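Letters A, B, C, D, E and F name the chains as they come in the text, with residue numbers starting at 1 for each one.
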Amino acid sequence: MDNYLLTIILALPIAGVAALLVLGRGDHEGALERKTLLKWTALLFALATFAVSLALPIMFDSAGGLQFQTNVPWITAFKLGVHYHVAIDGLSLWLVLLTTLLTPVALISSWNSIHHRLREFLISMLALETGMIGVFVAMDMFVFYLFWEVMLVPMYFLIGVWGGERRIYAAIKFVIYTVVGSLVMLAGIIALYYLHGQATGNFTFDIETITKAMQARPFLSSVEQDWLFWAFALAFLIKVPLFPFHTWLPDAHVEAPTAGSVILAGVLLKMGTYGLMRFNLPIFPEASQHYAALISALAVVGIIYGALVAMVQPDLKKLVAYSSVSHLGFVVLGIFSFTDQGLQGALYQMLNHGISTGALFMIVGMIYDRRHTRLIAEFGGLANVMPVFSALFLVVTLSSIALPLMNGFVGEFLVLVGTFTSPTLPSARLFTALAATGMILSAVYMLWMYQRVIMGETRNEENLKLADLNVRERLALAPIIVLIFLMGIYPGPFLSRSDAATRAIRARVNHAQAPARANEAGEQGSRGAGEQGSSHASRTGMKK
Amino acid sequence: MVPLSWYLGLSALLFTIGAMGVFIKRNTITIFLCIELMLNGVNLTLVALSGFFGDVSGQLFVFMVIAVAAAEAAVGLAIIISIFRNRESLNVDDADTLKL
Amino acid sequence: MEKALFIIIAVIAVAAALNVLIQRNPLYSALSLIGTMAALSVLYVMLRAQFIAAVQIVVYAGAILVLFIFVIMLLNAPKQQLQIDKQKGLRYLAIPLAGLLLAEAFYVVWRVQDIAMPVVKEGEEAVGTTWSVGVALFTHYLLPFQVAGVLLLMALIGAVVLARREGDK
Amino acid sequence: MDQPGITNYIPILIIFALAVVFATAMIAMSRFMGRNRPTREKLAPYECGVEPVGTARERQSVKFYLVAILFLLFDVEVVFLLPWAVVFRKVLTSPEYQHLKFVFYGGMMVFLFLLVVGLIYEWRKGILDWNR
Amino acid sequence: MQPGQLAIDFHAILPEIITVLAAVLIMMIDAFTRRINRRVAGAVALVGLAGAAAAVVSLWGGKVESSFSGMIVTDDFRLFFAMIFIIVTFLIVLISLRWVEDEELPTGEYFMLLMFATTGMLLMSAANDLVMIFLGLETTSIATYVLCGYRRRDLRSNESAVKYFILGSFSTAFLLYGIAFIYGASYDPNLSPVATTNLQLLKERLASDQLFSGPMLLAGAAMMLVGFGFKVATAPFHIWSPDVYEGAPTPVTAFLSTGSKAAAFASFSRVFILTFFAAAPVASGMTDSAVSALREVSTNALMVMAILTMTIGNLVAIVQNNVKRMLAYSSIAHAGYALVGMVAGDWRAVAFYLLSYVVINIGAFAVIEVIARRGDKRTEIADYSGIGFQTLGLAAALSLFLLSLAGIPLTAGFMAKLLVFKSAWAAGFHVLVVIGVINSAISWYYYLRVIVAMFFREPATGFQRPVLARSLVAGLVLAILGTLYLGILPGRVLDALEKASDIMTTAARR
Amino acid sequence: MTTDQLLEWTIKIGVIFFILLTTVAYLSYVERRVAGWIQLRVGPNRVGPFGLLQPLADGLKFIFKEDIIPREASKWLYLIAPAAAIIPALMSFIVIPFGSSVTLFGREITLHVTRFDVALLYILGVGSVGVYGVMLAGWSSNNKYSLLGGLRSSAQMISYELSLGASIVGVLLVAGSLDLVTIVEAQGATSGYWLGFIPKWNIFLQPIGFIIFFLSAMAETNRVPFDLPEAEAELVAGYFTEYSSMKFAMFFMSEYFHLITVTSMATTLYFGGWNGPFIAEYPFLSLVYFVLKVFIFIFIFMWIRFTMPRFRYDQLMALGWKVLLPASILNLIVTATVILFVN
């Protein structure tokens, strides 16, 4: 039942890289034509990837689990049991699409803003795309880790080569943060692999197998669960980034080129939250329960902190960056509410944030291209000179604020509901209330920013000469605007496809709730005690 | 009859003196001499054990060690010669190009 | 009697070894080392390793240290030029390290059981004679022997390539 | 030390002691019995009256050194030859080692091959030519 | 006397014979042609190595045999390491073919010494007796002492050689003292031979716990630990290596940090894992015997060494401004990772680690060699500024190697680390894994520094695109392919390793 | 080990000392006489009948001459050097068999001080240590001529030591022992004769080896034509330029001791040692044979000294390294191969 669709999607950008390599560098004679050719090639491959990936939601079976599976043994020696296992389920379906959509969009948006090392830039973008897709489709921890790390390299180069003034600092900071997290995760992966193998005799990195084994008969003591939970969570929370680990993000965002920022905000951050939902919740449900309050608290702190800091930023990009910290807090909060709504909302919010924030970065990039500054104070009254731009900016801003009928609203609302009704989270209501405050704050800083940039008089003379958006820029923003409204008005098709997956996670976490403590009690004796507890738990879980 | 432990003790002493010399001496050749001293300490241990065990293999080992020590001496002194020539010709007073 | 001899020889060996350290001039150190070598050679004979004792004199005293002294004499260098730079702290580490080393070694020595030297038959088949070494060299130590040959050849090339004049090709 | 064959080494110590005594005596004799009227001129190094000219040693010294190196390495090889030479004939004649006959022969031939190769190399490289 | 028969088996030492003959041949060519053509010397070396590789392959097949009175053992452990050494020298010859000529150094001797060093390394992996280990080690060491000082006119090279020589011989003395003690500890008057340096017999005697002196055994192991510690440059015995690596000519540095290090690890593993650890299985009942104490103590010591080595190597590497020196510290750190595998008692992981490391590291040094130019002049990180886009191929290759050293997936470096950490985890050394992982994270910083300099900084003035010799390109391509092959499709190598036999788990014939 | 034995050793050594010293004293006399004879000069003839008391006079002169330690010299080394030269020179005699055993005072007394397994190696070792005397003398005088002379001399000595050692290996292959007594006994009457009358001396088996040995020995003892280190014209007096009085005499003596050693060795190794006719009946004859053989060699040495021109230094080294060493190795290989196939 192998299905190679995902492999094709993974391979297409790499094929693009190969094509670019063959086409040669862009600095020679006839550079202009060559550059155009290169850009079109890259775009073509990105679009092709997107086109192929469109088949995924269409052919997706909402009720099914993992789909489009490919599972080929890769490294079997030393009981490593590494498989090239790719598949998607409701969790990853939309994230894959988000990736394939944002890549061509980002390419278009930075069509004319890259002047040197164009070929290398395009190669990095395409390689990055493969890496990101790989992370979402990998169903083997080994493969997952592989994409997770490999993806760093093109991102690193994007920031380091084509970034702003402090790009070196930002690039290194970005990589070191991520690598620290991911290497700890590597230790976790090895430990999980080994403990699973030891308990079941089946040494494998397969995520599904391990998840199921954990469900059937927990093989981790609660101490082990705690350690492993944090090993994984650290990597993901850094990537998200959750409040105390967020400091790399503003730097990276500010210094990255527009396309990089779009991808960074749009997709990369989602990998953290995706990881939480893929690994932490299903595999370490008890630990997740145990630390839910702590993480939720951090998430809330992040929401408010991000919003407050965003408010005082003089730099547009930095503002958007901090708003990301705030928004991602919602996602984490939703995830750790362990309710259907919360999880659904979190997933939905991931998409929303990818779209809206991606769009915001594009917009910032567009005016940066024109004015070469991002300071809010430099602008004002752009509505007069750039009407189309202002309109689109408004839509995106409102989407980010989560105005009803816009995509953001659906996501954040679901999250708040989920959190509010969370059965497990202590003082859930307080969290909800605080998070809602964050929403309000986000409206404040976004609108204030909009007002300062777009409204009022056109004071700065330089702004008078600005041209409105051209066709290319409009084209780049168009799909996003469409999606903003589509997802806001008609979220059904989106939610229905991810429903099964989030439900499964929710069931898994809640189901493990009771045995968590029972298991601990039975720790001294045999592991068998845990089984009793879990059967008991499953009954209570069913009653719900 | 001299007990085995006396021999071992003596060789340990020689080895230690040699090792100490490697640390405290600064002249390259003297350091090298100290290393030879250490090797001699080891040789005494091997010969003593071999003698008390009535087993010739320890002595064969010492034979090899002596041969190797000769090779080492040849190469080591060649190195010292070459550095000396360079320092002399360069007339560098304190040639610590490589800091430790 | 034998113990007395051992003690005399041991004192000579240690004194000469210490003198290696005490002397500032490498030439004196080298000469002092010859004393240790000779003393050890006597001990080897006492341990019945006659052949090794002779080899010790021929190779160590008669060849290796000759080479050393040759070099010292030829370079006749100001002290500084023969020095290698080391970390300053290394000197102060020497004493504790040596103490540690001695403690370890003497722990071993302390705990070692004293066994009697086995009584061996007279004649050249006894352990330690040229005959016994020769036979072992071509039976059990055949391969190490050949490797030693390779090693010496290599050392020859290596030493010459470093030491010969620049112009030589 | 009362081991067979070992006592025979004691005369070495005796002759060494006597030789040392003898040498010391001779040195002392000349020191104390000779006239001792040093003058500056006498104590000056004998230089044929010519003032020393800088160090022209360098070229020469490397040659000396190389000879010493070659000597050291070949000396070790010769020392390896000795035990072989001692056992070789008896190994050939004693039935106990008959099967090892060619090992003893071949082993040394390989060793000699290496030695000769080294010698040829030095020869061709001109290390053995003093006047180069 | 020694066990077993003489068992003269020329097939068993065929690789060594071939390398020695190749060296002698080079020597004769060098002696009898007026001005040696480097291609001839290099070609002979390459052919010799290929022959040695063929000989190794012909020996492959899971059999375990000891020959030459137990001096040599033919098992897959040996053959695997032998392959590593042959690969190392092959690559080194390739990357230095042109270099030797450009630097106007004596060509024939260079390749000769390389071949002799390889012989020594091959013997180290094959050795089944401490005397062979000693001789192999010395053959390698002495050859590398000379190679370090090979650029005779360069003071840095001279000093490097002196330092390497002094500390190398110093460590040899320790190793020898350890061997002497081990020899003493193995004494058993009821057995023949009464005392032994043969590792197989040693293991049997240790396992039976009939020891002459327990303290002697422990002291011997400790001394050997110090000796080997110096040879593989583990902290706190690493102090020599940065100076030596920095001062030595670049291809030699590459050889030092890969070949001789791997060889030292081979012997280290042979002695500690396959003899000491094998003699005292963890689950054995002898809890208070000297042998189990040996295992415990040496495991702990190795663990401390591994932690120190990784940490010091990585932390100090951060502040280095010279690429060679930085890679020297990186090499220290990598020895630490390999030690993690040793602590776990898994020589297979160590072997794979070293295989990966040598391929990557030689590749990295090949690039550095080219960029350094004649006389190793440009080795500061500042010299790398902005060369990334000026010589994209080289810079990309170097980046690949550095990232692989950092352990990025899809390259050999990652697989190697994974295996090592995995076996350490399986053996219960969780702390070690965590520390190793944290260290890997630290290491990213300094590897990235070079990439930063190459790609992100403004070009330094005066950089000209180096002319690449074909042989060097071939070496680089091989290294790149190797790095990727071991990272992406390590299956075959791993399978071979998994099935590999070693003398201590499989009884040797003869 | 009994006190008796100790006493016996000591007495033997004492006797040897005495004989050696007298021999050396008269050797210098003899040498001058021989020189006179060959070069048609007179030689010493004033002191005592035929000048026979000349050595005594020389000795007294040495003792009472002014002892000078040069200003710049390293004092201790300067003093030690002659001792370092003479001590090793004296030490090799204990293993040389001067004769078979004789009965004296009702005791059977062997005419060698001692015998042991590695005797020959011992001689080689002691001989190689002798180099230090030369080196130190050259160094400590702190005189350029001395230094160069010392270096040259020691380089020459060690070069020829190699071929000396390698040529001895040929004898060892035949004799199968390093013990000189065994080697001599193997050449004796008990081993029989070739063709009924040729004694089984090694010279007949190792003629080439002997020639190499002889030449090396000559060079080793710094005799003409190998006396370059002392080359008066070039280097004043070589390494002992700065030495005077007794210390000068010590170098002088040690050279003669060496001369006696190598001639004894030549006798022992190649010419059957003390073997000769009728020694079974008259053991004392063996001593006579030995002394006779040795003196013949010494005479040959002296003869050569005064008839041959001196080598140039490069020729000297070339002879050692390019002729004698390869020849001795070749000799060795041939010998081994012959033994392999003959046995």
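Observations on the structure shown:
Everything that follows uses one rule, which is that a residue touches a chain if its C-beta (ideal position, glycine included) is under 8 Å from a C-beta of that chain, and two chains touch if they have at least 3 such contacts.
Every value quoted in this text rests on a predicted model; they were computed, and no experiment measured them.
Looking at chain E and chain F, the chains that touch each of them are C, D. The fewest steps needed to get from chain A to chain D, moving only between touching chains, is 2. Put simply, the chain farthest from chain C by mean CA position is A. The pair with more inter-chain C-beta contacts, choosing from B-C and C-F, is B-C.
With centres computed as the average of Cα coordinates, no chain lies farther from chain E than F.
Here the spacing of chain C and chain D, counted between their Cα centres, is 16 Å. Centroid to centroid, with C-alpha atoms defining each point, chain A and chain F lie 94 Å apart. Between chain B and chain E the centroid-to-centroid distance comes to 24 Å (mean Cα coordinates, whole Å). Shared contact sites, meaning residues of chain E that touch two or more other chains, fall at 1-2, 6, 8, 27, 131, 135, 138, 142, 145-146, 149, 152-153, 159, 161-163, 166, 181, 184, 189, 239.
Taken residue by residue, chain B touches two or more other chains at 15, 18-19, 28, 31-32, 50, 53-57, 60, 64, 66-68, 70-75, 77-82, 87, 96, 98-100, whereas all remaining positions touch fewer. In chain A, there is no position where the chain touches two or more neighbouring chains simultaneously.
Chains touching one another, given as pairs, are A-E, B-C, B-D, B-E, C-D, C-E, C-F, D-E, D-F. Touching chain B in their complex are the following residues of chain E: 1-2, 130-131, 134-135, 138, 142, 145-146, 149, 152-156, 158-163, 165-166, 169-170, 172-173, 176-177, 179-181, 183-184, 187, 189, 193-197, 239, 243, 246-247.
The touching residues of chain C, counted against chain B in their complex, run 2-3, 6, 10, 13-14, 17-18, 20-21, 23, 26, 29-30, 33, 36-37, 40, 43-44, 46-49, 51-52, 55-56, 59-60, 63-64, 67-68, 71-72, 74-75, 77, 79-87, 90-91, 93-95, 97-98, 101-102, 105-106, 108-110, 112, 114-118, 120, 127-128, 132-133, 136-137, 140-141, 144, 148, 151-152, 154-156, 158-160, 162-163.
Contacts from chain A toward chain E in the complex involve residues 25, 74-78, 80, 117, 120, 145-147, 149-150, 152-153, 156-157, 160-161, 167-168, 171-172, 175-176, 179-180, 183-184, 186-187, 190-191, 193-194. Of all residues in chain D, only 1-2, 5, 7-12, 14-16, 18-20, 22-24, 26-27, 29-31, 33-38, 40, 42-48, 52, 60-61, 64, 67-68, 70-71, 74-75, 78-79, 81-82, 85-90, 92-93, 101, 105, 108-109, 112, 115-116, 119, 123, 128-131 touch chain F in the complex they form. Against chain D, in their complex, chain C makes its touches with residues 1-2, 5, 42, 45-46, 48, 50-51, 55, 58-59, 62-64, 66-67, 70-71, 74-75, 117, 120-123, 126, 129-131, 133-135, 137-139, 142, 145-146, 148-150, 152-153, 155-157, 159-160, 163-165, 168.
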